[in-house]
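Letters are used for the chains, namely A, B and C, taken in the order the chains are written, and counting of residues starts over at 1 for each.
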Amino acid sequence: MLEGTADIIVIGGGMVGAAAAYGLAGKGLDVLMLDEGDDAFRAARGNFGLVWVQTKGFGLQRYQEWSQESADLYTGFAEELEDLTGIDIHHERPGGAILCLGDGEWEAQRRLNDAMADQGGGYHARMVERAELERMAPDVRFGQEVVGASFSEKDGHCGPLYLLRALHAGFRARGGRYRPGARVRSIRRGFRVETDAGAFEAPKLLLAAGNGIPPLAAQVGLNVPTVPERGQVLVTERVERFMPMPMGNLRQTAEGTVMIGATQESVGFDTGTTLEAARGLAQRAIRALPALERLRLVRSWAALRVIPPDRCPIYDESESHPGAFVATMHSGVTLAAVHAARLPDWIAEGRAPDGFEAFSARRFDVPAAA
Amino acid sequence: MSVDLVIVGAGPAGMAAAVEAAEHGLSVTVLDDQPEPGGQIYRGIERAGPELTAILGEEYEAGRELAADFRSARIDYLPNSAVWRLDAGARIAFSREGSASTVSARRVLIATGAMERPMPIPGAERPGVMGAGAAQVLLKASGLVPAGRIVLAGSGPLLLLVGCQLLDAGAEVAAVLETTAGGDYLDAAPTLPRALAGWRDLARGVAMKRRLRRAGVAFRSGVRGLAATGQSVRFDGGEIACDLLLLHEGVVPQTHLSRQAGLAHRWRPEQRHWAPVADALGRTAEETLLVAGDAGGIAGARAASLSGRVAARLAAGVDPGRLIAALDRERAMRPLLDRLFRPHTALPADEALVCRCESVTAGDIRQAVRDGAMGPNQLKAFARVGMGPCQGRMCGLAAAEVIASERGLPVEEVGSFRIRPPVKPVTLGELASMEGEAADAEAL
Amino acid sequence: MFRRLPERKASVTIEIDGEPVSTAPGDSVAAAMLAAGIAVFRHAPVDGGLRGPWCAMGVCFECLVEIDGEPNRQACMTPVREGLRVARRTDGSEPGR
């Protein structure tokens, strides 16, 4: 039974879908965002919250530029969301550091930074010695092994759950319609989207359902070869603010909790947590910041990242089913600002950002040697 | 370390199971978060003097022998142990005296008991408002008696019992505000046939009510619109000044550990709570995991110790025999009690704090539902409900009830929080210095 | 706010916010504080409101205090010991350094 129609259907109410839907609704389009229920995988709910530029896009310069563009848009984006919804997403851009434990990590990080700088313009990360790092973070006592860090002033962070909520609230404030409990079963030409909550029709659709995309993409002639990658995260009790900036996989939230991430595990769709991972995360965190030793762990979780073969985003429109778009990647938080700002032109008006073809899924059809 | 049976909890179920299992030759480790055995029902039993036992009565005194048997059993009893992870492979992680370790077992008995159902009325989080069970715990464990005027509000047998015990301890009980409609079921009880299962409890209820009335305690039933101000309790049509407000809406199983271990849970509509899915003997879908006592569904201390002994015999590969019939008799009283003391659980008013840790009100939850949160797990993401140190223990049931009423669905369809370890806080230092494998962690 | 049954004799001295308090063996820190007339244990970190124990059995995490320099300990789950030091925190947070 036909439940409803729209100008465009966004499949997925996570970070990517909600940002795009928010932007599309801002164009005055009638947008319907379909989402699953309470127990969906939801990478957006397990997010770490970095708005991160350094080291992004090694091997795909367009991704580095795209990340920079989003990070540059973020302050205004956060203000816009707060004005519209009253929700403070706690965005800050104090810069970010990737701590190097030992000379080996320092060398590897330095080489990566050099390679990133060689790859294209505008790369800002630089290596800072321990003494300079200590000046940047006067309230932090670093572990003995910390020899320094890679620092970029372009990096920052936000509260990902506040962001998700603000995107949803902003989407609704702009007249968008949200339909949870509507897991998509099939997509037919036209497009007719069959869901648990009935069928919906629209001339355009955006696949933004994270790890749920691959089987749906195949129904509209797109090959989206992403795989899930498990990340386990620990979070401590609240403490007074002592970290002036996010430090890679260590981040103090606006609430004062310290988040400690994250593993990278290929375990299919298993979202369980393991004692071994928790132990490893705690050990590294304490080596970096010994004072964390005293803090209580109050929660841990695992979520599934969405990982394309080269770990870079995929944006594409189906050739066989024009009007069917896909947007999928791991960096839904960092890229939320640029998704809200730039994807609507591409999807609604066919005006793709310059160089956007670099993100086509067709890059995976070409033999690796080419 | 590996043993035959690890028992989590040293209340009636855990103690009885430990004694029984040791008698059948099993190696037993008991982990309990309290400093001494007894659980909440027999809290402080080993130290209770004649003054206290005179107040608490023979049902409390019954725990003394069990605790003594427990102390003399050949078991490894580790008090002050906070269990924070249970894997279905029967490995347990726990913290004790500032260090964390693991213990493996052929079987694990979950005997984590019950907790009071949180009663989120406006102002319930203020100092001067407590659970009625909490007042009883303070009396049992420390001989503390509230000074000043006390009002008890809510429903359930414990509400009356605590009122009587506080009277006997010399406290000033000003009023009992019953949220159950009518409230005269106990007055009618003597006319019921004595053969009825549960008659004994019913008669006790009648006696308790009479005792309170004779002592001049004001009674009101069908009370609505409860709110605590800190100096008084308000309700529709009245306000009573008090120094301490004790709230109670019955007790519910503590399910964090059984949920974290991955066991399926079933909604029990008659008691309005979740309990792990297990058979009458406490066997779950995981061969390694057993459940006994109120952790498996509220049935009281006598049923708890029987179910602990049954589980211990199963773990030892011994036929539970006549214990099963005794357990069945004990449980047969529940249906009547459940009907009589069916939890009222009025939906919280908009201004009531449901999630105390993150200060989220029922109104906030209703708004999140209107914003598209379909269940407790989306509610976490939308409103931070359940993300604080209590890990959803205080808000889980009420939040689900609010979502269910907003969506017009039964609670069982709304679901519950996904519970992840650690189910009790553990320091990063304890975690990091545990023995065993540690997975690699990346800088970014 | 609470008094003690005569059979419970106080024989342990702890320190609460710098003041010596005599308490009974077997008490939890929460019981000792309540017996000493302390109803407010902390300020809630989010809304700043006053909070005290609700459950007395380790469930509600409302009785968090600093014990022997360690923040956010559950007062109701910590047995008293001669010389134990309790500090109430009223700003709802603890230094992370």
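Everything below uses one rule, namely that a contact is a pair of C-beta atoms (placed from the backbone, for glycine too) under 8 Å apart; a residue touches a chain by one contact, two chains touch by 3 or more.
Keep in mind that what you see is a predicted model, and the values were worked out from it rather than measured.
Colleague: Per-chain C-alpha centres versus the global one: which chain is nearest?
Modeller: If we average C-alpha coordinates per chain, B lands closest to the whole-structure average.
Colleague: Based on the averaged CA atom positions, which chain is farthest from chain C?
Modeller: Chain centre farthest from chain C's centre: A.
Colleague: Could you see whether A-B or A-C has the larger number of C-beta contact pairs?
Modeller: Between A-C and A-B, contacts are more numerous in A-B.
Colleague: Just how far, in Å, is the C-alpha centre of chain C from the one of chain B?
Modeller: Inter-chain centre distance comes to 22 Å.
Colleague: At what distance in angstrom does the C-alpha mean of chain B lie from that of chain A?
Modeller: The mean C-alpha positions of chain A and chain B differ by 40 Å.
Colleague: In angstrom, rounded to a whole number, how far apart do the mean CA points of chain A and chain C lie?
Modeller: Roughly 43 Å, centre to centre.
Colleague: Please output the residue numbers of chain C that touch at least 2 other chains, ranges allowed.
Modeller: 72
Colleague: Give me the residues of chain A that touch two or more other chains.
Modeller: Those would be 237, 292, 294-296.
Colleague: What positions in chain B touch 2 or more of the other chains?
Modeller: 388-389, 425
Colleague: Would you pull the chain B residues touching chain C in the complex into a rising list?
Modeller: That would be residues 33-36, 40, 44, 47, 49-52, 80, 82, 115-116, 118, 124-131, 133-135, 137-138, 141-148, 169, 243-244, 254, 356-359, 388-390, 393-394, 424-425 of chain B.
Colleague: Under the touch definition given earlier, write down the residues of chain B that touch chain A in their complex.
Modeller: 85, 87, 91, 93, 102, 371-372, 374-378, 380-384, 387-389, 391, 414-415, 418, 420-422, 425-429, 431-432, 434, 436-444
Colleague: Inside the complex, what are the residues of chain A that reach chain C?
Modeller: Spelled out, the residues of chain A in touch with chain C are 139-141, 237-243, 252, 255-256, 258, 291-292, 294-296.
Colleague: For a test of understanding, state which residues of chain C touch chain A in their complex under the given definition.
Modeller: It comes out as residues 45, 70-72, 92-97.
Colleague: What does chain A use to touch chain B in their complex?
Modeller: Chain A reaches chain B through residues 13, 35, 37-39, 42, 44-45, 52, 55, 98-101, 105, 109, 161, 164-165, 168-169, 172, 178, 180-181, 234, 236-237, 248-249, 260, 262-265, 273-286, 292-301.
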